[in-house]
Amino acid sequence: MIRVLFFAGLREQLGCADVSVPAGSGTTLAGLRAQLGERDATWQRALADENVQMALNRQMAKSDSIVRDGDEVAFFPPVTGG
Amino acid sequence: MIRVLFFAGLREQLGCADVSVPAGSGTTLAGLRAQLGERDATWQRALADENVQMALNRQMAKSDSIVRDGDEVAFFPPVTGG
Amino acid sequence: MSISISVQAGTFDVGVEYAGLREGNVADGATAIFVGSVRDFNLDQSVAQLELEHYPGMTEKVLEDIAGRAQQRWQLGRVRLVHRVGPLLPGDDIVFVGACAPHRQAALDACAYMIDFLKTEAPFWKKEYGRDGVRWVDAREGDREALKKW
Amino acid sequence: MSISISVQAGTFDVGVEYAGLREGNVADGATAIFVGSVRDFNLDQSVAQLELEHYPGMTEKVLEDIAGRAQQRWQLGRVRLVHRVGPLLPGDDIVFVGACAPHRQAALDACAYMIDFLKTEAPFWKKEYGRDGVRWVDAREGDREALKKW
């Protein structure tokens, strides 16, 4: 399984803090994101936002990163700390 | 009169923290410095050092600044605070 | 060459943090510190309270990574990063960035570098509770711009 | 927009200085601080003690002038400069430079600007009492160089 976390405004938009999805073979972050977007119109719209950033195993990651079984993925808006 | 102060290494070289000299008319800082240098070989050498800096009435000043009666002049090595 | 990171709900004491950077440290003549605090307004919306969300686990990792990169780039002594999470009020301190170095330029540059990257890489999000309602703070374009100098 | 300057023999407390910059100040989200301390060696001569001489009256004037120029150049809130004089030991703090601003870049730049100019304009002189004798510290060429960026 792949654990997927959502933070801040994105979490509120989805009404969801985390989901677990089965690990497909050779899935990229972009693929996982598209797959999650198929859930419904809200998820589609929220995850289509090009500002949404991605982390793979707690490191900033790009769309073409490969996601493997046991990985932790996160989607979130641009950070605003400091 | 013009009050002349010396600081740090220059004060130690001269063995003198301050002197008062009569105000000449139209004296510049360079003129005052040359005049002080005539005291003896030690003063000559110490004040000839091009690193020596000058202040006029507690502001950094240049050689061509005019010195007037009642002014406070200072000569000192490059500063090393902070 | 030590790095110390804290992500915490409670406040921090700048005097105590400074003492931690300096104690027994006579090799480093320079210490640079940046502290970020909650302003009472942000883009014209008066702010009554702030809520800082973060990504536990990733936050600490990113802060250590930023501090480590600074230590590779400059000759630094101790480095300390503290970031608060949870509810905050106007005037409260949010973030402490401190760097010691033998020379001042390294300490000052490293301090500026770390807060610049913290602002764009560390997974914290601010939510403002203001007179006009609740909203997530938008990322500033200027924060991305600021990275270009490094 | 206030400037506060102290030239003093006694030590300063970074926590207290920070509190003075921040108290009741919710307009400025950023505070940058630089603290200079006595290192235990300088150019390979082990330093046992330092004596800081200054030019009373001019010192305060120059520090106020430097702080005033910083306030003209950047949008700053409170600015605080403290410089110690007299005998100092390794590890002792010598100088505190603090600047508050609505935005971090102004606070960081102003802090770096003020310590850079303090190093070349403020009439302080360091005398080192070391293992190998007593000597006046030479001005560093790098300190003149550092001004070019402003």
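Here the chain labels run A, B, C and D in written order, and each chain numbers its own residues starting at 1.
We take it that a contact is a pair of C-beta atoms (placed from the backbone, for glycine too) under 8 Å apart; a residue touches a chain by one contact, two chains touch by 3 or more.
The structure displayed is predicted, hence computed values, not measured ones.
Removing chain B from consideration leaves the other chains connected by touching as one piece. Seen from the Cα centre of chain D, the chain whose own Cα centre is farthest off is A. For the pair chain A and chain D, the distance between C-alpha centroids works out to 48 Å.
The geometric centre of chain A is 72 Å away from that of chain B, both derived from CA atoms. Chain C and chain D have Cα centroids separated by 22 Å. Chain B and chain D have Cα centroids separated by 26 Å. Residue positions of chain A touching 2 or more other chains: 82. Shown for chain D are the residues that touch two or more other chains, namely 36, 104, 115.
Every pair of chains meeting the contact definition is listed here: A-C, B-D, C-D.
Against chain B, the residues of chain D that register as touching in their complex are 36, 52-55, 57-58, 61-62, 83, 94-95, 115, 118-127, 136-140.
Across the complex, chain C meets chain D through its residues 13-16, 18-19, 22, 24-40, 90-91, 93, 102, 104-105, 107-108, 111-112, 115, 146. In the complex of the two chains, the chain B residues touching chain D come out as 5, 7-9, 51, 55, 58-60, 74, 76-82.
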